[in-house]
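Note sheet for the following structure.
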Amino acid sequence: MTASAVPASAPLALTSGQLPRFIEPALLVGVAVVIAAVQFLFGGFNLAVWLILTAVIYLIAIGVGSAIVENRRKAVDRIVRGLVTAAFLLALAPLVSTLWTVISKGLAVVNLQFITQVGGTTFDPNTLAVVATAGAWQAIAGTLIITGIAALISVPVGVLAAVYLVEYALPTNPLRRTITFLVDVMTGIPSIVAGLFAFSLFSLIVGPKAFSGFSASIALCVLMIPIVIRSTEEMLRLVPADLREASLALGVPRSATIIKVVLRTAASGIITGVVLAVARVVGETAPIFIAASFTDNFNSNPFEGPMQTLPVMAYTAYSFPGQDIDASQANAWGAAFLLVVLVVIFNLIARIVAALFAPKSR
Amino acid sequence: MTDTVSDAATDAATPSTPKASIVGKRRVGDTVFLGLSTTAAVSIMVILAGVAIFLIIRGLPAITANWSEGDLAGYQNRNWSSFWEYVGPLLFGSIWAALIAMVIGTPVAIGIALFISHYAPRRLAGALGYVVDLLAAVPSIVFGLWGIIVMRPLLLPVSQFLNEYLGWIPLFQGPVSTTGSTMFTGGVVLAVMILPIVTSITREIFLQTPRLHEEAALALGATRWEMIRLAVFPYARSGMVSATLLGLGRALGETMAIALIISPSLIYSVLLLTDGYNSQTIAANIALNFPIATDLQRSALIGTGLMLFVVSLAVNMLARYIISATGPGAKGRKRGKRS
Amino acid sequence: MSKSIEVQDLNVYYSDFLAVEGVSIDIEPRSVTAFIGPSGCGKSTFLRTLNRMHEVISGGHVKGRVLIDGDDLYGPGVDPVLVRRHVGMVFQRPNPFPTMSIRENVLAGAKLNDKRMSKSDADALVEKSLQGANLWNEVKDRLDKPGGGLSGGQQQRLCIARAIAVSPDVLLMDEPCSALDPISTFAIEELIGELKSEYTIVIVTHNMQQASRVSDKTAFFNIAGTGKPGKLIEYNDTATIFTAPTVQATEDYVSGRFG
Amino acid sequence: MSKSIEVQDLNVYYSDFLAVEGVSIDIEPRSVTAFIGPSGCGKSTFLRTLNRMHEVISGGHVKGRVLIDGDDLYGPGVDPVLVRRHVGMVFQRPNPFPTMSIRENVLAGAKLNDKRMSKSDADALVEKSLQGANLWNEVKDRLDKPGGGLSGGQQQRLCIARAIAVSPDVLLMDEPCSALDPISTFAIEELIGELKSEYTIVIVTHNMQQASRVSDKTAFFNIAGTGKPGKLIEYNDTATIFTAPTVQATEDYVSGRFG
Amino acid sequence: SSPSGSGDAAGTSASPTSSDVTATLDPNLTGTITAGGSSAQSNAQAAWTAAYNAQVKGVTVNYDKSQGSGGGVTNFLSGAYDFAGSDAPLNADQTAQSKALCTEGGVNIPIYLDGVAIIFNVPGVTDLKLSGETVAKIFALQITDWSDPAITKDNGTALPAGPITTVARSDGSGTTQNFTNYLAATQSSVWTSPAGKDWPIEGNVSKQKGGSGVVEAVKAGSGTIGYADHSAIGDLNAAAIIQDGTAIPYSAEAVTATFEAAAVDASNGVPGDLSKKFDYSKLTAETYPIPLVSYAVTCTTFKDTKQSELVKSYLGFVTSTTGQAVAAKNAGSAPLPDSVLSAAAETLAAIK
């Protein structure tokens, strides 16, 4: 918007007192500096205290200032804007901090060898020394296999169940209401319980030596299916009823309408939801070490024997360090770093695929 | 399946004569697809029933056992008279920790969602949404490790501060922890973990607020905040409730981060800043004690898992009730992308 | 391709709610019939029973008979999917499939049904249908662009092209112009005039002028009050309905509009 | 309460895109002005600049001056929030707040400024506004029922009541009847006739007859083609525009509609 | 002690002496051993696996350290594991259960010896001496400041004043069991809580998950004191424990001496079982008083003879002098006395 050069005389109540435009950032910086200075003066600068005090004092100052110069309504508006922005920055802080911690600590160990090598040990018979070689390939492979199988099972089941809920079942259908409710309950299953369940199930089926990547996949399925259903449901509901009717009116059977029109239109959103679900379970620790046990060895057979994954590697390396504690912790951060990288890669792939599938208007 | 919308197609011949052109035989594709999706939906019940049955079968021995003898006598160094006495403080701890996380996390999450949907410049908003989604994807083990090395030391002086100036509030009583393994730290880390879930759901709902209603408010001379109060919040209320409860579900079930961060005790305590008086949560207690437990002790732990399951069931029922009771916002929510 | 429609004493229900009561009407082939009436009187509901689209709405069902060239749409063994290939439909808001190009949209009826078609057949069908919908010249250079990129009026004509590509006998239109600007409306009205040489057309409209411009016959529906069923009040030549209606309600409605 | 509006050489942009170019127009107090023109020519866009609602759309900004009784809406220190209290707006689709009762809807705007309105003041305001919107008799027994339960036409009148409850000087209406049936449309048109004794009213409509029925003056906007800016082509007494327009484009549009 | 193993230590070149217990390894064995349990053993197991695989390439050993002793035993009893690593021998119930699996029952073979270290982080203090009584009082929260006269007395000099934060395990653990065994047996007047796997003291105690959690918290805090397996304390300082008037810092020799002096048989009745318990009254001025011993729990009769051969071969290496040396070198453990090793060899030889 541009202001005209001639200032309007204002008998009409269009204008009111206004704080200058730059007041918010200026005041914020001012408050922050002053508080930092005060903190240094009285010894002890502390990041958390600084942030909290800055936020509180800024909000009070802008509120009071605006109430005096402008009016009460504007003051409230400015305070809320401040609060909302603060909430956002507050949330950004842990993200940046987490990522920074993971990246800085992870990059210290991660190199091509770490990624492509199976972690292990070599023994020198002369000195009796066992030298650990860092490597995460066994965990990367395990993560991909276990999560991959979980996704292969969960995605069809979840998507189809969502199709049932949205496309077939009427709102009054007791089955639909039960299932929606159960899906909500399932999202609340503690992950460790899912692990125990899967392991017990497999002990029943294959006998005591039930540790396998596959049983861990089943545990992840229990956690993943409800997430897939929920997000798919949301996405299917976003597909305008118009499109279903258009397709049906062309004499297209219901199943073809659902598959080729409804699912196709919602595909991009469904993919995003699925990837979020995968990202959510790929970092699970407790169910995996219960169902797939732990090993340092490479195992690519999901149906037999313990399997290592990145989160379990991070957890065990941190919780049960070797003699060289620092090296173990470095490994833990390396695994955590790879895990985050994996999640980011999933996300990127999903973005790209989703963009390819997204409805276009141009 | 009864009560489903489906095209009733019945037997007959091929569309050769005009007469028969609208007469068709049963459509295999439709039947198969309906069958598949019904099966998928029903399998949810099977899985959940499986989990519930598993919990009950494995948990029952300890729930009915005599806690004054055998492996359960003096379990975890306390003389419990029964399973219920044992699970009590754990249930309390789970709910308490989740509540703290909600109290810290929900307002922030809603703030972020509002920032992204209504305050940030449109172009920035997409990127910001992505960033928050990324937070959702950070594995909980990473949050656990991060909590230990970053948050624990960072929050120590804050604890000190709170205790010094607000110590008269029972929550902030001392002795203040020197290691940082407090309910406060745990609550903050949990809050960070539930942020993305609550944010992404509320953000979606905020974005779906019909533009019509937003513009109606603005055209009445509302400030942005007043517009949010008039148009956005009423519309999103039920969604906010369900998002919050989803977050609560996650907070209740979170295991590793809590197990790694908090210094737990099997007591009823609301203190936030101490080492020795943090109520233990069910999930963390399972994670901590399952490895060392004997069969009957495992059964006791699984019994506590069953209780957690029951709580999340109750929470969800409550959520449904609230959503259905909060009126038009719940029913009148038409989902349509705004352009 | 055009067919006659004969409706005998039709009641339409949404679950228990009787939405439309006792409609009997004869519609001739190769004619345009307009349905007019106040909001909620059941025009859309009745229109949808002509190709069983009301069944898509949960609880929707009918009593009575609808004969298309003598075949009962609700007879035993009749497959609603096949019915809809004979009786096409165009909706109030243009709804091209957003994931498909213009070309794919036109071919949707065939493609979604897994009909195998040679490229040249498909090309021919696309051109013929778009020609039929008066859209060919405007889009022939960008057939592979998404249908959502067209203007509202073009989108609506694309939907008409899509509907006629499956070669129906009857074309139902539910307020096809109410979301369009006058110029697009005009284009669609012209198109209807051309289409009636091949199809039996039934159109619902709120716009009395549109009804008088495009239709041969007009049916006036009315409703006694909320919760009451809609009824067919008067059905006659359009000119008669607008100039000399026999029922008072029709006259009130038709003239009130211009009051 | 009514005020005059004077627009001087106004350009409206969406980011870089010039949507409306060089509009100058004088609108008299206590009159009804209709904006007509083909879809996309910028009627809504221009209308929104009269109460700075275009700023709500990201990238929307103007060059030029809009004077309300001589005060520049875009002058320095002008608060858009205050502008909108002086210039009210009614939208195409009725949009009562769904969670609020009829009474709360009417008071929604008024309560913003005066939190502690006494119950009797509030009651008086509700009655006065609903009377003004010709809705009082229909809803006085159910003021505490949700606004969403009313019929479309009643909802639109509720929105008008809500807009006049903040006592604006000017009332902008963007196709207020296009989602309504003829009977409701008629009620709104009557209402506009009554409101103009107190307010300056500007109404966008696609319906030429509506324009001719309700307005004193009519402004015809047109657009040369997609991507080009919309322009004010002709502005004159309604009767003149519809019977003896001076510009060919106006004549084409006005008569083409009835072609 | 006499050697009962025969043959030379194939492939190991650590110079054998006459008293060495050696194991014969068949380099052509193939198969997979699934095991798990005690995390205290985990570093030793990793070292043993590496050294064992240097000679026997075809055998894969999966030792799951995330399960803990209890998990190991439970999985062993269910048949999931070929052997379990456990910080405590099978109890009576478990022994009874094991009979279903192993005919005669399960045997406990000591394979890993270590000490519980008292670790601390007091600014400016690197050497700390504490009597058993002072340790008990500190951990029982009866002494709460570093300037306490009892601490001054033990060290002969006053430490800087400051509150003491005790750090304990939040998870059940064999380390806690061994530590509280010692406290309950030797300081019964101060330490009135029971000995067990869970830390019994309520109050101002910081409880951390796992030995690593304790080590981290002690390191990160200030004025902290905790306990952990000596092999896992990294670069933290450990207190010397005053025993019979002498301050004894942790050393492998001192712990081996403890085992020789104080470990007494506590067989579960299954032939070949080597369960031990400590008689703390036999501690001397040469013994480190808080030992930690960990077992391999395995079957006397395997259902699958192939598995029995694998387990005998692997555990044979573990309980050889070389095996113990490997663990000492790489996991910081103390070698078990030869007498136990040869007894272990006999037990293993009897396994079918």
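Each chain gets a letter, A, B, C, D and E, in the order it is written, and its residues are counted from 1.
To be clear about the criterion, contacts are C-beta pairs under 8 Å (C-beta built on N, C-alpha and C of every residue); 3 or more make two chains touch, one makes a residue touch a chain.
The UniProt protein names, listed by chain, are A = Phosphate transport system permease protein PstA.
Computed from a prediction, not measured in an experiment: that's the story for all the values here.
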Co-neighbours of chain E and chain B - touch as defined: A
Intersection of contact partners for chain A and chain D: B, C
Chain pair, A-C or B-C, that carries the greater number of C-beta contacts: A-C
Farthest chain (mean CA position) relative to chain D: E
Between chain B and chain C, centroid-to-centroid distance (C-alpha), Å: 48
Chain A and chain B, separation of their C-alpha mean positions in angstrom: 14
Distance between the centres, which are taken as Cα means, of chain D and chain B, whole angstrom: 46
Inter-centroid spacing, chain D versus chain C (mean Cα positions, whole Å): 34
Numbers and ranges of chain E residues touching at least 2 other chains: 66-67, 209, 213
Residue list for chain B, restricted to those that touch at least two other chains: 5, 7, 27, 223, 226, 290
Multi-partner residues of chain A (at least 2 other chains): 73-74, 170, 240, 253-254, 256, 315, 318
Contact pairs between chains, per stated definition: A-B, A-C, A-D, A-E, B-C, B-D, B-E, C-D
Touching residues on chain A, where the partner in the complex is chain E: 120-123, 125-130, 132, 203, 207-211, 289, 293-297, 305-306, 312, 315-316, 318-323, 325-326
Chain B-touching residues of chain A, taken from the complex the two chains share: 44, 46-49, 52, 73-74, 76-77, 80-81, 83-88, 90-92, 94-95, 97-99, 101-102, 156-161, 163-165, 167-170, 172-176, 178-179, 181-194, 196-197, 200-201, 221-222, 225-226, 229, 234, 237-238, 240, 253-256, 258-259, 276, 279-280, 282-286, 290, 311, 314-315, 318, 332-333, 336, 339-340, 343-344, 346-347
Parts of chain B lying in touch with chain A, wherever the complex brings them together: 1-7, 27, 29-30, 32-34, 36-45, 47-48, 50-51, 54-55, 58, 107-112, 114-116, 119-120, 128, 130-143, 145-146, 149-150, 154-155, 157-158, 161, 192, 195, 199, 204, 223-226, 228, 246, 249-250, 252-256, 282-283, 286-287, 290, 302, 305, 308-309, 312-313, 315-317, 319-320, 335-337
Residues of chain B defined as touching chain E within the complex: 70-71, 74-77, 148, 152-153, 175, 177-181, 259-260, 263-265, 267, 274-276, 288-295, 297-298
Residues of chain A touching chain C in the complex: 170, 240, 242-254, 256-257, 260-261, 264-265, 267, 357, 359-362
